[in-house]
Amino acid sequence: QDDVRIALVVKALGIGFFEAAAEGAEQAAEELGNVEIIYTGPTDTTAEGQIEVINSLIAQQVDAIAISANDPDAVAPALQRAMQRGITVISWDSGVAPEGREMHLNPSSNPLIGRTIIQLAADHLPEGGQVALLSATTTSTNQNIWIEEMNKVMGDYPDIEVVGTVYGDDLADKSYREAQGLMQTYPDLDAIIAPTSVGIVAAAQAVVDAGKVGEVNVTGLGLPSEMAGAIESGASRSFAIWNPIDLGYAATMLAYNLATDAAEAGPGAEVGMGRLGNATLDDNNEAAMAEPFTYDASNIDQFKDIF
Amino acid sequence: MAFLKSREAILAGAILLLLALIAWRFPGFVAPDNLARVFNDTSPLILLALGQMAVILTRCIDLSVAANLALTGMVCAMVNAAAPGLPVPVIIAMALALGALMGAVNGLLVWTLAIPPIVVTLGTMTIYRGIIFVISDGQWVNSHEMSDAFKALPRAELLGLPVLSWIALVVVALFALLIVRTPLGRAFYAVGGNPGAAVYAGLNVGRTQFWAFTLSGTLAGLTGYLWVSRYAVAYVDIASGFELEVVAACVIGGISIAGGAGTVTGVVLGALFLGIIKNALPVVNVSPFYQLAISGGAIIIAVAFNARASRSRGRVILKSAEHAS
Amino acid sequence: MNMQAVEAATRESAPVLTLEGITKTFPGVRALSEVGLDLYPGQVTALVGENGAGKSTIVKILTGIYQPDGGRIRLDGQDVHFPTAQHATTAGITAIHQETVLFDELSVAENIFLGHAPRGRFGLIDTARMQRDARALLERIGARLDPALPLKELGIANRHLVAIARALSVEARVVVMDEPTAALSQKEIEELYELVERLKAEGRAILFISHKFDEIFRIADRYTVFRDGELVGHGAMADVDESELVRLMVGRSVDQIFPQRVSAPGPEVLRVEGYSHPTEFDDISFTLRRGEILGFYGLVGAGRSELMQALFGVTRPSRGAVHLDDAPHAIRTPADAIEAGIVYVPEDRGLQGAVRGLPIFQNVTLPSLRETSRRGFLRMAEEFALTRRYTDRLELRAAALDQDVAELSGGNQQKVVIAKWLATKPRVIILDEPTKGIDIGSKAAVHAFMAELAAEGLAVIMVSSEIPEILGMSDRVIVMREGRMAAELEGEALTPETLVRHAAGIGEGG
Amino acid sequence: MSLAERATIPDRLNSRLQRAATSWELLLFLVAVAIFIANSFASPYFLNAWNLSDATFNFTEKALIAFAMALLIISGEIDLSVASIIALASTAMGAAVQLGAGTPVLVFVGLATGLACGAFNGALVTRLGLPSIVVTIGTMSLFRGISYIVLGDGAYRGYPASFSYFGQGYVFWVVSFELVLFALFALTYYVVLHRTNFGRAIFAIGNNPTAALFSGLRVRRIKFVLFLLTGLMSGIAAICLTARLGSTRPSIGFGWELEVVTMVVLGGVNILGGSGSIPGVVIAAFVMGLVTFGLGLLNVPGIVMSIFIGLLLIGVIALPRLWTIARTR
């Protein structure tokens, strides 16, 4: 029996989060036995780059593509062509427009993430205070959805004021500069929420460099391995993330099950995710994996060497 | 006063005007400590622009500076991660040497094979970037993998200014000395201004260009270490596209792209102009999305302006016309 | 002064610098073949020869800019070799080159000392001392210039003074001057002569290149004559007279070179009134008739080329009018000029004339593409035919019509440029230094051709700096000086003396 | 000298065949063939009509711009703003979609924006006499910057279905619309550059702008037209790319200017102006497409491919020169 070849297409190669996801994919492959993982992606986060990668995957006649998209619309036509040629396509992490995939796996549900990021800030602001948002790239949608979801629940936190939102483009230097600008513009700032793994590291560094450890708490979504230093220095009291290893694992399982026709995507369908149970698809053929997990000084050492 | 009519004075005036405009909306921006912060933030741009200035003076262009910076930065970070005990001065020496080597490769291709500089550096730009990916396997080097000493240097404060700023100041001073007071510095102008005549004056055009590239590479290497240690992260794409900002700083600073004309003061002011805009936008609440268009507009206005100022006057045969206009 | 010369001649020591069997070839031209040259301390050796005889080439060889293909250079009897200009300077050889070799963005002082500036602490350039020294040097040649001034602020004459100061800024044993007085005023020329005397007295050897016989006879002790890249004579000035020198230079007597022609000018074609330019020339008026050759004489830098380029539409005049057949005509671009039947064979063949990199036939048809093409599409056969018509007539020497013009010799390049313009069937042709740098045979051919054109009714303007050419070819001559018309001469008044007097501005009460 | 003595000068020294045999184009063509053969051995998926057809999308849009860029570079100028013109033209089309424009209007908007950008560059270079490399570095930021101002981190989508034909349609079998466009423009530009007065003028200007001016060519006007053409081709590329992506973001086509210039230089066009050919650029487009596609099939990351392209770029220029140096020693 031939190997089932599953391509894990990421936004860009070399990002720690996706490397961890690739590790999860390999775990799934090992568990399934007859799966070959092709871990690939462009070198910078562009849709054109991903399309070239998709074209070469179509040419190689892989069995399934699981993609975290740089642009939900731009990659859709290429993925549609992949589906026409009999390739199973799912998206995970950052979604693709519905016509370009069979299903989408959210790392967590958007409302859960939205509530988590504001809760993380509120936990350390019993008296209330000013918080600001440092978002990621201009071409990624999930940050905006999470911020939207966060705004929906702001009524529950009457003492907390969101003073501004800036964009760091997922570039270390730009995020750093934007974080500096925030502290400059809002001298009374209490917390920076960065729902992006690049931004949160840069913001923590900016807080340390500005000598504002203890005054400004950096929180949001980050990777334990990259945030260990910030927790140690006190620039960040806590942050959250879903487990990227699990995410890669789950995406691979889903792709395998759909590609081998063990399951079919459709509203209400249940698709297996191996050790993580079943994913239930909603009306948009979307499913959520799990809720984010919070890391702080008490548990960081346990995870920082894993991902 | 000749100075008041010079490009530099006008650019300085434009910067003051810009600062006044920002201060009007947001007085905190012109507080001394914030200006110091802006300067610190602009330091890498200043360092690279100085190197680029030398190259442009000799009628060449170096598009590989940002890739050189990124590769040197990555090597420094990886060496530090692998051998945290290695003293920082050794790392800096390595950064300088590696940067110089990459610059020298450009320079040699231009000098010995007479390949047009834009082709050479377009090629080496992609090659250097590619090498980063190959040696790092695309992985990032993160803050916690770097030693504290490695990260501490650029941000350590000396007399109220971070070392990064001091390095920029020292390099500007040394570079100005090199440009104004050494034979090599003057040769940059001669070789770019009139290559044919430079031969008559006993200068070797190719070799002078080689040194300009090496100088530019050395500064890019130094900036590579500073960049990576300051932002405490190294990955393939750092400073991507920065080469154009560097050229822009030179052009705004009045360096003639045709070679042979421009001053260190102008370049520093040109870099500061871009740095101030970049730092002011988030502060005055203009969407950062305006930044690109603003710097593009600034380049066009600056080059149009410089071209007017340096229009050639012909041979001036009529005696009565010599000192007029 | 004569006493001094005799004294120097009797001192007759060994030469400082000896060149032997020097050969140099450029693609298509043998610039020098086996020439020799001796320079003696405390003496001025004049190097004379026609344009293109190879004078500047030997200067470039002995200053390390060109490498000879053969021969040897000896300094104090020792064989030397100058791979770069720096080496020659270090050996004590300095030169004022014919082309200005200066740098606009550097200051006057830096231009003078580039490459050998005085150094102070840490090996840095000692700017203060450099400016002091520069000022002293400039004063020595009678120039009152601020050494700190950027060179770009200076006009053509002052630049020349800076170039002279640069040559004197090194402790030199051999000083070479390649047409140093060409762009200078009479007063500055006198100061230069004094300087030459002083250098002589200091025991330096001087090589002096000039086309002006009066000055050669005034300051030189010895002479060397080149003709077509060969050494044809040398000796003491005391032993020759002017006609002997001319015979050596030209190889035959002057009046034989030029074609006999009867001038029969027809009606007026071109009238220029009050043409002026803000910085280059002022108030130029003249007329031109069919079948006439109008000469424009002046020293190099008199502004003749600038005037012609304005007539051709390359630059815009600030004032003045052009009439063609009595009708006013606005010429804003070269395309307008060609349309009106005025064409210009430029002086700078490499920059403005030939398009190097394109083949011969494409050069020739460039302004006539409308004739050879159909609806904008090229027809190569027509192009070759048109080209052949004119290159045959001009006796062009080339391997093939699709050969790159850059591979041709200077004279043949010039023929290509002339062919290009004749193919447009012009009414007025302006030839700017048409025989500059071309060999004697081609020169005669160009002259004959010019006469033929005039006989066919073309109106010809010829700009030239060579007196024999001006005298031999022109019906009428306009002399320019410092951007202005100095005289219009014709018939009896047309003599070498009047030309030189008006061009140099001598004897006009100042 | 009598006529009998004088040998008449032949029209041509070498026959056209002889010239072709020693041309850059032939060398490049052999490189392309070599890469093609290497690819078909390296990957079993390479020799497949549909796959090869997909691969053409890697270069068709860039090549469209490269044709006009080749003319511009031969004339001695350069336009680094082409990728930003794509962004601005795409943004303008996206804005038109929001106003309910149909496909014909979109095409018009794309072409008009490209032309306007080209005119802007051309006017700055030819009217004000500014160096094109600096001007277009400026407009490169300016044009894309305007897209960022308009779009921010948003996107335009909702292009009409008929519009997608330009980027995703097939004329017959595996021959895509873009490939047909590529072929048509290759032919057009070949004729314009090598067979018309206009093309001849471009070569003359690139070799010696002063002599060209002195020969009565309207140098500034011709250069202006070339900038217009480059803008227009960028507009066409913007239409194709937008139709292929189905959405517009300000980062669209980022970094393409360098790939286009690389393609032109690899095609044997002298970056300093004066020489080059359209067949060379066409072959270079295929070479770059084959390299990226072949390495892509082996899942080599894009940035590693760019090392190959960079080496190819320097190598093809350096090797002949090294050869002459070695021979003259």
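Which chain is which? They are A, B, C and D, in the order written, and residues in each are numbered from 1.
Going forward, contacts are C-beta pairs under 8 Å (C-beta built on N, C-alpha and C of every residue); 3 or more make two chains touch, one makes a residue touch a chain.
Nothing here was measured: the structure is a model prediction, and the numbers come from that model.
Between chain A and chain B, the least number of touching-chain steps is 1. Should one ask which of A-D and B-C has more C-beta pairs in contact, the pair is B-C.
Chain centres here are Cα means. That of chain A falls 75 Å from that of chain C. Computed centre separation for the pair chain A/chain D is 37 angstrom, with centres defined by C-alpha atoms.
With centres defined as mean CA coordinates, chain C is found 43 Å away from chain B. Rounded to whole angstrom, the centroid-to-centroid distance between chain B and chain D, based on C-alpha atoms, equals 30 Å.
In chain D, the positions touching at least two other chains are 148, 152-153, 250, 301, 303.
Taken residue by residue, chain B touches two or more other chains at 133, 138, 236, 289, whereas all remaining positions touch fewer. Annotation for chain A: residues 13, 43, 138, 167 touch two or more other chains.
Here the touching chains pair up as A-B, A-D, B-C, B-D, C-D.
Residues of chain A touching chain D in their complex: 13, 38, 40-43, 46-49, 51-53, 55-56, 58-61, 71, 73-74, 76-77, 81, 85, 135, 137-139, 144, 167. If you check the complex, the residues on chain A that touch chain B are 12-16, 19, 43-44, 138, 166-167, 171-173, 176-178, 180-182, 184-185, 201-202, 205, 209, 225-226, 228-230, 304.
The touching residues of chain B, counted against chain D in their complex, run 61, 109, 112-116, 118-120, 122-127, 129-131, 133-134, 138, 236, 241, 244, 247-248, 251, 257-258, 287, 289-300, 303-304, 307. Chain C makes touch with chain D in their complex at residues 312, 314, 333-335, 337-338, 344, 346, 351-358, 361-362, 366-367, 369-370, 373, 376-378, 384, 388, 391-392, 395-396, 398-403, 420. Listed in rising order, the residues of chain D touching chain A in the complex are 43, 45-46, 48, 50-51, 54-55, 57-58, 148, 152-153, 155, 157, 164, 167-168, 241, 244-247, 249-254, 292-293, 296-297, 299, 301-303.
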